[in-house]
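By letter and in written order, the chains are A, B, C and D; residue numbering begins at 1 in each of them.
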Amino acid sequence: MLVRLRHGLTSAELDPLLTLCHDLGFGTRFLDDGRRLLELSGEGDQAHWARLEGHPDVVEVIAPGEPYELYARGSDSPDTVVEVGDVSIGGESVGVAAGPCSVEDYERLLRLARGVQSCGVSILRGGAYKPRTSPYSFQGLGVVGLEMLAAVRAETGISIVTEVLDPRDVERVAEVADWIQVGTRSATNFPLLTEVGRMNKPVLLKRGFGATVEEFLLSAEYVLNAGNAQVVLCERGIRSFDSTTRNLLDVGAVAHLAAATHLPVIVDPSHAAGRADLVRPIARAGLAAGADGLLVEVHDDPATAKSDGEQAISIDELRALIQETRELIALDGRTLSLPNETTSASNESAKEPIQ
Amino acid sequence: MLVRLRHGLTSAELDPLLTLCHDLGFGTRFLDDGRRLLELSGEGDQAHWARLEGHPDVVEVIAPGEPYELYARGSDSPDTVVEVGDVSIGGESVGVAAGPCSVEDYERLLRLARGVQSCGVSILRGGAYKPRTSPYSFQGLGVVGLEMLAAVRAETGISIVTEVLDPRDVERVAEVADWIQVGTRSATNFPLLTEVGRMNKPVLLKRGFGATVEEFLLSAEYVLNAGNAQVVLCERGIRSFDSTTRNLLDVGAVAHLAAATHLPVIVDPSHAAGRADLVRPIARAGLAAGADGLLVEVHDDPATAKSDGEQAISIDELRALIQETRELIALDGRTLSLPNETTSASNESAKEPIQ
Amino acid sequence: MLVRLRHGLTSAELDPLLTLCHDLGFGTRFLDDGRRLLELSGEGDQAHWARLEGHPDVVEVIAPGEPYELYARGSDSPDTVVEVGDVSIGGESVGVAAGPCSVEDYERLLRLARGVQSCGVSILRGGAYKPRTSPYSFQGLGVVGLEMLAAVRAETGISIVTEVLDPRDVERVAEVADWIQVGTRSATNFPLLTEVGRMNKPVLLKRGFGATVEEFLLSAEYVLNAGNAQVVLCERGIRSFDSTTRNLLDVGAVAHLAAATHLPVIVDPSHAAGRADLVRPIARAGLAAGADGLLVEVHDDPATAKSDGEQAISIDELRALIQETRELIALDGRTLSLPNETTSASNESAKEPIQ
Amino acid sequence: MLVRLRHGLTSAELDPLLTLCHDLGFGTRFLDDGRRLLELSGEGDQAHWARLEGHPDVVEVIAPGEPYELYARGSDSPDTVVEVGDVSIGGESVGVAAGPCSVEDYERLLRLARGVQSCGVSILRGGAYKPRTSPYSFQGLGVVGLEMLAAVRAETGISIVTEVLDPRDVERVAEVADWIQVGTRSATNFPLLTEVGRMNKPVLLKRGFGATVEEFLLSAEYVLNAGNAQVVLCERGIRSFDSTTRNLLDVGAVAHLAAATHLPVIVDPSHAAGRADLVRPIARAGLAAGADGLLVEVHDDPATAKSDGEQAISIDELRALIQETRELIALDGRTLSLPNETTSASNESAKEPIQ
C-alpha cells in the first residue's frame, strides 16, 4: 500500500506520521528522494486505513494495483487545464505560443511580439539560453536575453515562454517567464526537472528526441512529484532513420497521451518538420490527433535568423494557421484560448463611433 | 539529356528510333531494364531536339537538371486521381477502404462487406494471401480466399482491394481485385512491383516499415515505369525505438509527399496504431496532414480474428469515423468519394411514397 | 502437442497418419502451409505417443512448452556446419567469401576470382541480379552475369555465392550458385524463401535492414521448414538514426544468435560500414562477437565499380584481413576453412625439388 | 581565420590582444561563450599572422578549411593517453574499470573493490548519484555513497570512477573521483559538461543513447573547450527498433572515432547488452573494433542488486574477460594497463624463497 503525503513536509511534521504508521503495525519506506510517496509494508491493521486517509498530511492512500504516478489519468480525474497568463491549455481549450527560436535583438523581438499579438496569440516563445550541439554555435544572449523578454512583456503585455538549461538559472528564468520550458536536450536532466518542480510557474516539458512515451511521462513525474502540478507536455518529434523531416512527429503518442494522462499535450510542428513549408500540415495533424495546443516558430526574416531560420513561418502564415486551427478544433467542440484577440476585437468595436 | 519512350515498344520499333538518335549525333544508353528511359550523350545537334520531341514513340524530352522520375510533381502537373470502382482518390476527392485483415469465412466476409457499405464505403479490404512473420502463422486462404472475395463482390457490388505477394500470382489476383495491394513487406520486392506495373489495375503501394520516403517513391517508380500510372501510396507507420504504438505514422512524410509527388497518398491508421482505440485520432491526423484517404481494418468480432484483431474497429466506429472524416476534409474544400452512400441515399428517397 | 512430419509427404502418405491420430483420440490441425507441423489437440491417449514417435513419417514429437522452430538450439543440438564447395562454415570452422558487388565484365571477374583465390579464399561473391532502390540504377547483368559466374567457376574451381530476387529465377540461379543468397531487401519475400527452401543448395540469408532478430530467425524458418537445412545467417547492419556508417552492425545480435540458434552466422562488414576504411575493424568486431565467417566486397578498381565501389577493399587488404582473421579466431580455438590455400600450399611444396 | 586563445584569459589579458587584432586590420568575433575561439574577419595584413602565432596568449592559428575542433585528429596529432590513477587509457594501452552499477553498502563495495583488484583491475566504477527514469526508483546514496567510495579508495588504493548529474555537485564529486563520469542521460547537459571541463580530473563521457557520433564528439568539445583535455569517450549502445539487446553497441562508431579523434574510446558492454551472458562477446567486439578499454558492471550477488542486476557479471567472469582481453589486444600490439596486477605479481615472486 502506498500513501502520498503533502508536499514539503518538514521532518518535524513527518516524524509523528511515521510513528503513527509504525503504531498501526506497518513498516515504512519512502520511494522517492522528495519523501512524498511512502510505501507501507507488513501486516498492518486494515481497520486503521481510515485514520491515514483522514490525516491532514496525507493527500491520498493508493490501493495495491492502482497507478500511483501523479501524471496518470484515474478513472474520474478531470483534464488538467494549465493557465499561462490569460491563456488556458487543456480540456476544451487550445492554446498557442509563437515566436522566434532565439532572442536576438530587442527591436526585432518587440516587432515579433506585436506580430504574434496581431494574430491573437498572447504567448511569446523565445530562447535566451539555447542548448546547442556545438560550443561554437550561438548559445543565446543569456541574462541579456531574459531582460529583453521582460522588457517586451512589460511593453506589450504578452506572456513569455522561455527555456532554462541549468538548475542554477531556474529562479532567474522563473522571474521573467510565465511558462518555463525544459527542452528536448534536458528531458533526462533530473536535477533541472526537480528544481523546476519547486517553482510556482507552469512548465512546458518537451519530449526527449530519443525518449519513449513512458520516459516522457516519468520526466513529467519528476516535476509533479517536486510539487508543481502545472505541467504541459510537448511532442516535438523523435529521431528516425529517415531524414526527410528533421524529426518525426509522433501523432500516435499524442493520441496515447490523451488517454494515459490528464496533463495537456501540445505539439511543436516547427522542430518536428525542420521546414517551414511543412509546419501547417504537421500542426494540423497534431491538433487532429488531440493536441491541446501549438508551439510555433515565427520570424520576420528567416534568412538572417541565428538559429533554425529554415523552419520559421511568417506572421501572415501564423495568422492563417490560427484561423485553420480554430476551424479544426471546432469539430471537436474545442475553442482557441486567444484572450488577446477577444480584447482587441472588443477594443475594435469599442472604437466604432456610436451614432 | 533524357528521353522517355512510349511503354512497351518492340525491338522493331526501337531500332529506327535509336538509329535516328545516332544520326543526330548522340550516344545512347538505356537507364532502365524496361528500356523506357534513354540517356543521350555527346554533342548532338540541339536543333534536332524538336524532331525527337515530335516523334510518335517519344513521350517527353527531359532537360538536364529536371526531375525525370514519373512520380515527381512537375511545375504544372495536376494531381493524379485514381479511380477504384466508382471511388475517386486524389485531388479534391478522399476515398476510404475498410474490411477485415484477412478473409476467413464467407458469411463473415459478406456481413462485413454489407456493414462497410452501410457506412457508405464501397471498397472492401481483405487479405487472401497474408505475409506473416512466422511460417506457422495463418497465411490466408489463398485461392479460396480470392474466390470468396469475388463472390462477395458479385453479391454486393463492392470493390475489392487485396494483397499479392508473389509475382506468379499477380494475374490471378488482378482478376479479382479492383485495387491490387503491395504490402509493406513487399516494398522492395522489385520483381513483384514490375509485374504489378504490367497490370491495367490500380495499385495500392504500402511504404516499407524500414523505408525512407525516397525509397518509397522509388518503389512506386518501378510500378510507374513498367507502364501502370494508377498508383496510390499508403503511409502505414514505420519502426521506431518506442513500442507504445505498433508503428509510428509519419505525418511529415504525408505532408512531404503532397508536395513531392502528384500521386495520391492514403494512410492506414490500423497498422500504425496497432490498437483500436487509437485508430480514430491517427486517421484524423493523417487526413489533416493532407492524406487522400484511409485504409481501415474493421471486424464484427475482433476477439476471434485470426490476425490483427486488436487493431480492428467496429462497423459503428467506422460509421462515426466516416462522419468525422467528412467534416474534417470539408475544411480543405475536399469531399468524400462515397458513391455507394449517394446511391443508397437516392434509393432511400426513391422508396419514399410519392403522393 | 506438436508433431513434425517428414518433408514432402504426399496426400496418400498423410492420410493414414492423420487417421491414426484421430483413432488415438486427437484432433489435428496443420500450423503451416507446407503441412509439416501438425498440432494435436484434445484428450488423446498419452500411452499412444510412442506409436507416433516411432512412426516412419514422424521426425519428432514436440512436448508442450518446448521450442518447435527448426532454427532453435535445443539443449543438446550441435552447431550446424554448412559446406559451400570445400569450405565449412559453423562450429569450429570459419569461412570467408569475397568478390565484387556486381558482376560487370568477364575479364575483371576472372581477375578478381584469381585475386581472392590468391588470398586463400575459395568462395566468390558477385551479383548477377541486383536489387536496386531505383529502377534507373544498374540492375545487374542477369542471365549474362550468371553465365559469367559459371564460366569463372569452370575456369578457376572457385565456388560461387550469388543473389536471387525472384522466385521464378531460383532454379536457374541454383544451377550456377554453390550458395544461394537471399538479400536484405528480400528478407520478407516469403514466396522466395519458400522456393529457395526447396533447393538442395546452401542458402545465405541476410537480415532485413529493418528486421528484428526474431524476424530474422523466422525468415530462416521459412527456408528450413520448406526442407532446406543448409542455412547461413548474415548480419549486415540495420538502420539507425545516425548516418556516420551506412548501417549499424548489430554485434549484440551476432552474440545472441550464437546462443539462440544452431545455424552459423556470418557478418558482412562492407554493407555495414559502407566505407572501405572501416571494413577491417567491423569485420574483426563481428568475428570477436562470435561470427562464423565474413562476406566481403573486393574490387580491383573501386572508383569505376557500377555499384558500391566506395565500400570495396583491395585484394591486398583482403589478404591482410584474412591473416588477421586467422589470428583472431585462433584465440577461440577456431580455424579458417581455406582449402584452396592449403591445396596451393601443398602444391607449392610439391613443386619443391626433392634432393 | 580562427585563433585559439589560452584557456582562462581575464578581460585584462584579452583586451590588448583584441586591440592588436584590430590594429592589424581584422574584425573579431568570439565563437564560443568561453571566449577561446576567436574569428578574425576582413582583410587583415597576412604578414602579421606571425605576430599572432607568436603571441603568448595564442595557442594556435587555424587556417581556413582546417578542422578547428579540439577533438579532431590532425594530420600529425598523437593519440591522447588519459591517466586514471596508475592506469593509462589510449594509444597502445588498454584500461579496464569494473564495479557495481550503484553503491549500496560499504561492506559489499569493499568486497567488490577487492574482487576487481584480484583480477588486476585498479579502477572501481560505482554510482553514488544515479539518473533514474522514474523518481520512485532508487536514486543512489548521494553524499553517503561518495563517502563510501572515498573510504574504499583509502582502504584499498583503488581508483574511483563515478557519475555526476548536477553542475552543483561537480566539485564535490571531483574530490572523491579519480575519473568523473558524465552519463548517457547527461550527454546534452551542456552546463554540466562545461562545469566538468573546469576540473583538473579525467572525464568519462558516455554517448547519449539517442546521439549521433558527431553530437557525441561535440559534447566532448564542450569539456575540451572549457579547458579539460583529459576526456575518454565511451560507446555504450544506442536505441534501435529491436529490443533483443537493451541497446545496440555501435562498433562502426568505435572504428570511426579511432580515425576522427585523438581521444581514447572505451566501450560499456554491460549497458549495451543489458544481459550478463552477452557481456563477454560484446566486450570483445568493441576491443576488436579498436576500443581502448572497457567499463564493466560486476556484482557478487546480481539478484539482489538495486539496479541493473541482470547485466552484471561475476568476479570470476571478469577475471576470464581480462585474460581474453589481454590476448585479443596483443594481436594489435597493445597491452593492458593493469599496474595493480603487476605489483601483486611482483609481490608474489618476492614472496618466493630464494635458494
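The working rule: contacts are C-beta pairs under 8 Å (C-beta built on N, C-alpha and C of every residue); 3 or more make two chains touch, one makes a residue touch a chain.
None of these values were measured; they are calculated from a predicted model.
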Same-residue or different-residue interface between subunit C and subunit D, half as cut-off: same
Separation of subunit B from subunit C, taking each centre as the mean of its C-alpha atoms, in whole Å: 34
Approximate Å spacing (C-alpha centroids) for the pair subunit C, subunit D: 39
Rounded Å distance between subunit A and subunit C, as computed from the means of their C-alpha atoms: 51
Residues of subunit A engaged with two or more neighbouring chains: 210, 214, 239-241, 243
Graph class of chain-chain contacts, one of line, ring, star, complete, other: complete
Subunit B - residues contacting subunit D, complex: 239-241, 243
Touching residues on subunit B, where the partner in the complex is subunit C: 31-34, 37, 68, 131-136, 139, 165-168, 185-186, 188-191, 208-211, 214-215, 218, 221-222, 225, 239
Sites on subunit C touched by subunit D in the complex: 210, 212-214, 237-245, 248-256, 258-259, 272-273, 277-278, 281-282, 284-290, 324, 327-328, 331
